[in-house]
Structures are given as C-alpha cells and as structure tokens.
Amino acid sequence: MSYQEIIEELFTSVKQEKNIGSLATFIPELGNVDPGKFGIHLTQVDGLSYGIGDHEERFSIQSIIKVPSLALAYKLMGESLWTRLGYEPSGNPFNSLVQLENDHGIPKNPLINSGALVISDVLISKLNNPHEDFLEFVRKAAGNPSISYSPRIAESEKSASYRNTALCNFIKSFGNIRNNPEEVLDFYFNQCSIELSCRELSEAFFFLANYGLAPPDNDRMMTVSQVKRINAIMQTCGFYDESGEFAFKVGLPGKSGVGGGIVAIHPGQYSIAVWSPILNKKGNSYRGVKFLEQFTTRTELSIF
Amino acid sequence: MSYQEIIEELFTSVKQEKNIGSLATFIPELGNVDPGKFGIHLTQVDGLSYGIGDHEERFSIQSIIKVPSLALAYKLMGESLWTRLGYEPSGNPFNSLVQLENDHGIPKNPLINSGALVISDVLISKLNNPHEDFLEFVRKAAGNPSISYSPRIAESEKSASYRNTALCNFIKSFGNIRNNPEEVLDFYFNQCSIELSCRELSEAFFFLANYGLAPPDNDRMMTVSQVKRINAIMQTCGFYDESGEFAFKVGLPGKSGVGGGIVAIHPGQYSIAVWSPILNKKGNSYRGVKFLEQFTTRTELSIF
Amino acid sequence: MSYQEIIEELFTSVKQEKNIGSLATFIPELGNVDPGKFGIHLTQVDGLSYGIGDHEERFSIQSIIKVPSLALAYKLMGESLWTRLGYEPSGNPFNSLVQLENDHGIPKNPLINSGALVISDVLISKLNNPHEDFLEFVRKAAGNPSISYSPRIAESEKSASYRNTALCNFIKSFGNIRNNPEEVLDFYFNQCSIELSCRELSEAFFFLANYGLAPPDNDRMMTVSQVKRINAIMQTCGFYDESGEFAFKVGLPGKSGVGGGIVAIHPGQYSIAVWSPILNKKGNSYRGVKFLEQFTTRTELSIF
Amino acid sequence: MSYQEIIEELFTSVKQEKNIGSLATFIPELGNVDPGKFGIHLTQVDGLSYGIGDHEERFSIQSIIKVPSLALAYKLMGESLWTRLGYEPSGNPFNSLVQLENDHGIPKNPLINSGALVISDVLISKLNNPHEDFLEFVRKAAGNPSISYSPRIAESEKSASYRNTALCNFIKSFGNIRNNPEEVLDFYFNQCSIELSCRELSEAFFFLANYGLAPPDNDRMMTVSQVKRINAIMQTCGFYDESGEFAFKVGLPGKSGVGGGIVAIHPGQYSIAVWSPILNKKGNSYRGVKFLEQFTTRTELSIF
C-alpha cells in the first residue's frame, strides 16, 4: 500500500470518529476557527508530495514556529546558544514558572514558552531587522515568499498575554533577557501569529527531513549536525509534558501548536503536517495525534 | 571505513584523552573497580559483531537492568502497565522524591529508581518465582544461560540503600506498591547486581535492535510495537535528567548504569555496549558518552 | 465572668453544634475511639485549675509529644541543636518530603514529623536509656509518675508507618540521622503512643506557661529564654500548614495531635488542654479549634 | 532600669559592634543611603515616648507599608478578604513565584510581595481615589498630615520592577488581579515609596499596640479583633522566610523593609521602630534585629 492510500484510508476513518476536546479559546482569535477542519500534507525526500482535506487552507501555526526560531538562533550563535538555555525535557507544562525559579532564569529547552522568549531575545540582539530578517529565513526554508505575520492574530495573542508577560519579566529579573521585555514579547507574538497551510508547513520543515537542504533548489539552511540536534530536541521536548507520550505512540520528532497543527519529521524520508483544531487535555490536536499514531503504525515507519 | 575501523580508531583516541570524573563510591563494591577499564562491543543485525578492549570482562550493569525489567513487565501486563507509572521524562535526578509527592506515588517513568521499584512490585505479583523467572528472561534475551545475580554486589547495594528504602516506603504510603517494601527492595537489589561483559550486554539488548527477535534462534521476546515503545522510552528517559543531552549528542535510544556501562540501540542496525567506570557529574560514564557521541558523528548514523 | 463560667458555657454550646470531620483512621487504634468524647482542662499559674467533660479520661496525645521531646533535646544540646534542624514554619503538610530534598535533609522545624525524627535521633545519641530517660522527663514535667508508653498504640503506629519510614530513611540518606533508622522509628512511635488526660496534659505543659517551673514543687525544667523560644516555635509551627490560621483565630502558641488533642499556652497565665477526636481537613480537632477560638475571644486574652 | 536606660545602653553597644551585610542596591535609590544611620523610637501605650540616634530622620519604609495596606483592605472587606489570599507563612523568599503556581494565584499571605499586590488590587477596586484615600488612612493612623509618597523613590522602584511585574501578571493570569496590572503596580510602588522617621513609624503603628485606637485622640482605626489578627499575621509572616527566626529571637509581631526599618509591637505595651540600612542575608536590618533581640531579652518582655 502506498503512503497516499494509507493517508486516504486513515483520514476517512479518523474523520468518522468522534472529535474529543475543545478549541484553544484562551487566544480569542483561535476560538473562531471551524472545529471540523482537517487537513494533512506529506512531503517526501524523494520528491513526491501528497495532501488531503483542508491541506491548502492556512491556519495559525502558533508554537510550531518555535522550531524555525530555534533553527535561526542556533545557526547564528552555534553551540554558544546553550549558555542561555538547555535542551532537556521540562516535565512541566509549557508556561510553568517553577522550573525557572529553580534554575535561576535558564529555561529547560527552546520549545517551551520561556525558552522561546530567550530565543527571541537572542534574535533581536543578533539580527539587524529582527521582524523582517526572521520572516525572510522562514520564507527561504519554505521556498515560499508569500509567508507573512498576521497582525490580527498577533494582537489577539497580546490581549491574552499575562502569563507570557510574567515569564518574560521573570527571566529578565535573572538577567537572561538582554533587551526590553516589551520588545521581546512583541517579536514573540509576531512569530506566533504566522499562518501556513499544511502543505506550506510540511515544506517549511522539509529541510529537517532532508539533512538541512531546503526546496526548491536544495539550498543549505544549516549543517547536518545542527539538523540532527534540532530533531533530537523536537523528539524529547516538542510536546511539552506530553513529549514522552508522542515518542511512545508516534515515534517521530515533531512539534505541535495550540492552533491544532502538528508537524512531524522522519529524517531521510519525509515531513508531514496535520491540522485539526480540537485539542486534547494537554493542548495537542486530538485528531492530529490520533492520525499520526495510526500512520506510523500502518507504515511501520517510526524511528524506533 | 568499516564500523570496526571506526571503533578501533575512536577507542584509541578516547583512551589517550584524560578520563574526567569519579567512581560511584556510594555503592561500596563499585569503588573497588579498576578505573582504567574500557571496553566496547557492537552486535549488528546482519550477524556481524566486533569488540575491543575489556569487552569480555564482566562488570556491574546496575540501572541498565531497568530495561529488561520493564520489558518483562510490559510483556506480562500489556498497556495496563501504564496505570501504575508514566512514560514521560522526569526533569529530576534519578532518585528524587519531589515528583512522587506531586503525582501521588505514580513514578514519571520506569527508568528512574521509583519507576523501577514499581516494576519490581509488578513482577513480584505476576511471577511465580520472581528471582528465578526474571533471570530466565534475561538469559533468554541474551541467549546466555550463564548470567546470574551477584550476592556480593546485592549485599553492597543494600548497605547503601537509605534513599531507595525511602522511595519504596513513600510509594507504598500512596498504595502504589502492593507487596512488602522489603521484599520489593530485595528483588530490586538483586536485579541491579547482575554482571555482564560488553559482549553479553550488547547481545542481551540485541532484540531491541532486531524488532523483538533474540539470538541465537530469533525467538520473539515481545511484539514489534512493544519494542518500538521501549526504545522510545529509552530515548526520552534513559539518562535521568541528562536524557536530552544524550539525544542531542548521540541521537540513539540508550540506558546507562552507575557501574560505568552504557548500551545504545540503532533500531534495525545494531546494539552497542560501552564500559568505562569513571562517571561524569550526572552519573553517566565519561568515556562511554564521549565514545558514542563521536561514533554516531563518524558513522553519520543517528536516528535523527 | 470567671474562666470557669466561660468554659462551662462554651463547652455546652460547642457540644450542641454539629461535629464536622472524621477520625484519624490511618492509625488503626485511633479509629476505635468514641467520636463524641469532649474534655477541657485549664491549669492557671495562680494555682487555680478547672476541668469539664471527659477531662479525666486518657487519650492518645500523638504529635503533642513533639513539644516535650523538643524541650528535652534543647535542654541537652543548647543552641547547637539548630545545626540539625530549623525553626521556620514549613508551608507544607506535616509529612512532606519535598522540603527535605530542597534543604538536603535539614527539617524546617521540630514540630513536623521529619523534625521530630531528627529530635529522636538526637535524644538516642544523648541519653543513656532513651526510652526510660525520656519518660522520666515527661513524668517530671507533669509531676505525675504514672505516665507511660502504650505498647498497643505504638504497635498500631508501626503498622501504618510507611511515610515515616520513608522520611527517616530519606534524612538518613543525607546523613542527618546518626543512629539506625529502625531504632529511631521505634523510639519515635513509642513517644507518640503516650496517653494522657486533659488534666494531665495541661499539667505536663504547665511549665511553658510558668517560665520553666514545673508542678508541684516549682522545679526548673529549663531556662526562661528556652521556654520563650519553645513557645515561639509552637506559635509559628505548631499546626503544620495551618499554623497561621491558629495564630489568626486563637492567638496562642499551641500544639495539636491527630488523636484530637490540642494544648495551648498563655505565657504567664495558663495552660489549657482540649480533647475531641473528630478532626478537620487539616488534621486538627474540629471542636478543639472551635472552643479555643471562642475562649480567647470571650476572655479577650490572646497574646496579641 | 527604665526602657529609656536600656535603649540607650543597647544603642551604644550595638553601634560599637561591626555592622555586617550590605545595602539594598537592587533599588537604586536605596543604595545612596548613609550605611551608618541608626535610630530607634519607642511609643508606649501609657503615653511615654523615647527616641535616640537618627530617630527623627525620614527613610524609605518599603515593605513595612504592607501592614497599613492590609489594615485598610481588611477594614473595608472584612473576612471576605480571605477569599483572595491566605494568612499562612510562606516558607519561601518574599518574591517567589513557585507558591503561586501551586496555589493557582492565591498568595500565601498579605506580607509577601504577591499578597501585597492583591491587596493593592483590592484597594483600587474599593477606594474612590486609591492613592489619595490610602495616604489619608496612613496619615490618620499616625496622627500626622505631613506623610506623603516620594515620586523619586517610586520611580526608582519602577526601574527595578521586573520581578514584581512578573508576579503581578502571573496573578492576573489566574484571574486574582481584577484591575490593570500596570495600574496595580503603580499603586504598589507608590505605597512602598513612603518615607517616615522612626518616631513617625512607631506612631503610625501605635494603634496595633493600643487595641485599635490611634493618636492623638484615640480614634478607632479598626476593631479589637481585627487588630489582634493583624498582629498574629505579623508574628507568623512579617519576616518572609525568617519569620520563625524573629519569633524565636525577638518574640514580638513585627515587619521589616529593605530600607533597613523594622517595626515591632508589644500588644498593650508599646510600638517600637528601628532603622539601620545594612541588611543581613535574608534582607532584614542587621542592627535592627540585633537591637530588638537584646531589647526583649533585657526587658524580659516578649509575648512568649
């Protein structure tokens, strides 16, 4: 059976089952999304590509952007990046402050909110025009110049930002934010506001499946070693305090967002993006996790 | 360059570098080991096998036994095992009690001490002769009837057991140990006392690289899906609060012990065991981590 | 209105109200007590004394014994005692292990279980015959040679001792228990097993209201300064994570036990003991707290 | 020996000893104070009053203002205030966020920063002109219309406010701040900026020693019961994670500020204010604690 046939079959069966959970209403704009949306797109290293359902419709990728942000900061800073934050799983929810107090302002990893704020701070220090330069990096990774921030969603994030404001000021109080907290938060909200379709998302992450080379011309985004390490971080830290569960059930490095998107990587094989906005209790797409679990079981292709 | 040549070269170069850290003196018997010992053994799925240095000398595998213990409990209990403990990385040292208090006696995963005590309790409940039956399982996995407990080391563990006694009684106070705490501790110490050589260790873990089939006759130890899940748990939880680091630097699922042993799995390719007793600050073999990091870099074979 | 009249009136009114909570069934023997028991005894510095209800019936004083244990250890060790434990309120339940991990085995204060275990360890090291010598000290404080341990209750404590066994071994793992954990636990359980009536209890604590002088012959138990400090510790730490509440509502230093007893001290005025076995959610006598709150309101005599 | 003679003698001896610690440089303005300043003022219920040293010089009372703020909020809200925060000692430093995460945004007590922010929020909701009305309340308590905010110090607080900004937004994220966090922070900084001399401070707190009646005309500030409860809270919570120590060594309810001021109350007897800007490791005036410890030892007047 081909990947395409397996995806079609699983898409149909998962769509027929009950969709259990709720929308991410704490960001007002995300509460307005049609909860029935469901799309999948696979981009293979051998050049094939396949999508189904709402795979061409853009949605808010939210925290999934933490991976490209990390990639750019890592490319710019090299291993010295790890003096500012770690790469260990956190064992705590994505926005916990407890760990920061114990570790004196050093976030556990770059894929929780505190870590992404430090990454944003690094990018502001390193880039001439942070907002523009970062967008350029994402466009290049995706081979897609139409990618852009959504002022509407960025504004909506900001209105619900008390916890992130707390995190950013808390890290600043330890000296691990170098720029103005408001500037860091604005940049962070802008990053989170990007909207991509499943097709665009799987293309933007394709270089992580393709040893660092991006479409359409195989431009090198970063070294092979850096790509492996980003995949390792996605594997151990990509799903907050459910990272073990995703490794256990799906067996691929990946990253989720509260907009209902999930992207997963099979190094050397493919990148795959799924979107369904209803979230399980841990804040990950209910259908997204379900589909990917069945997909790696059926294809017998997990990295383990 | 063949695996054998790479191993030989790295063995020599790592051996020439300074060995930084100390022996695990908190278990008296482990403090008597020659700190210069260094052995490596690789067992490939295609039938090849190669060892170097002290790879035929037995050493105390300690916590590495937590993986076979988990495997047997998982085989006996199926998914119902996960009502008794989780499979999320802990973010805490191996013998922390803090997490248990927050989670009311449910250990985060089976590869920290609290989780291994619950696994021991499960095995006592499920096996007719826990000590004998478990040994039989390990012998079968390794295809090696000479494997045995070391009463000398088990006794030495016991003399240094205050923290484990605390953990076991603490879990019991939440009702998540069903048998007598002393009986559970005795069984746990016996498991930790097993001594294997690098060759034997890589053979005992071979079924995890070989989709569940054990040497010499390809007997099925457990299902393909269970094997994948055990590898996923090793990847996210195998090195206590340094699991992210091992994924980041080595990129393979693995497990370490305070005796200085490390075993790592490349699913579908090989199992590899390294032994060098000097431990880094986090309690993992200094040379073992260093060798494996360079080995996966040189072979360009990590799972990521 | 005299103290006696106020006590009589409040005893009657509190007795008529509903008694809300439950018995301390986690120690089997305490579950067999008549839940309707209610007694009060007041011993004044000026020599007057008054009791009502079941004030002559002995009950298990449990954790209340932590105060005499502290007093004897303090008397023997002086200020050097405070290298082994602190005198700060804990902010955690009485048997929490979290604080101990953060503070490397140094209990926050002597009136939580971990602190009392360290006190027991100190007494074993300092006394020739710990069990006999401690009993002698309590008998002398109370002017009452008939006080004794209850083997039946000590045995019952032991059968429910997993949490205390965990605490004691955990502290031992940090080196802050010097003797054998089993020996320390046995002595601790024996202390907790003592049974006193309200009259005997208020007499045994009388020296803390009387600047260190005990009945009947005004023998000095310890210095004025030491007495003040023990009262201060009772004030800030006597009711686990409800110590603030007791200070707020009653305004006197005191100590409670899960047997339903409470003793409170008005320095320079009186000691008072109340017993009613039904406990509130925090493990303190429901009627005991209620009576004392109304008593200090009516007499307008709190220390604040 | 009279109080005056004891104060004179202790003032001289403490002043001759080495002053150990450092200024509170994290608030820039506080780093400019003459570290040698030392003043004491005692106001007795019987009408006598006595001061020595720099007792007429105004200094920044900082957190000491948390007590009048609590008093006004308690007066306005009654017991319903305690749905918004607790009155238990915290066991953590004054600006810890850990406790808030465990307790879902409910501060442990009103005398740590998180609690004072909730109190400020309550006052904003309850008062027509929060800044003016609060000042009026403090002026009335002190019988002193010249008391005022210091814009210079308020501005300096604000420049060092990352941790407090984190706290306020964190509590807001749990819904336990009702007004705009910036407005709450501005009001909080204004309160902390008040400057008083030792004389003025002891007079402003006099009503807590005098059962609720304030100078010069014995106006009732609040009920006797409310006064007792505020004193109880000062006793158990007034010195952050050193509250047990102050009870142990001094034995009076009190409150300290990082400006080096301490005020203590002997209910029914006196209020006393001490100022010396060098702080010990826990952030309390080194000489202030030392003087008060010796003062209560010499006068034999602690509440215990």
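Read from first to last, the chains carry the letters A, B, C and D; within each, the first residue is number 1.
Going forward, a residue touches a chain if its C-beta (ideal position, glycine included) is under 8 Å from a C-beta of that chain, and two chains touch if they have at least 3 such contacts.
None of these values were measured; they are calculated from a predicted model.
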| item | value |
| --- | --- |
| Greatest separation from subunit D - chain, by CA centre | B |
| Between B-C and A-B, the pair joined by more C-beta contacts | A-B |
| Separation of mean Cα positions, subunit C and subunit A [Å, integer] | 55 |
| Cα-centroid distance, subunit A relative to subunit B, in whole angstrom | 32 |
| CA centroid of subunit B to CA centroid of subunit C, Å | 47 |
| Residues of subunit D whose C-beta touches two or more other chains | none |
| Overall pattern in which the protein chains touch one another (line/ring/star/complete/other) | ring |
| Pairs of chains satisfying the touch condition | A-B, A-D, B-C, C-D |
| Residues of subunit A defined as touching subunit B within the complex | 86-92, 99, 108-109, 224-225, 227-229, 231-233, 235-237, 241-245, 247-249, 251, 253, 267, 297, 300, 302-304 |
| Of all residues in subunit D, those that touch subunit A in their complex | 96-98, 100-102, 162-163, 165-170, 172-173, 181 |
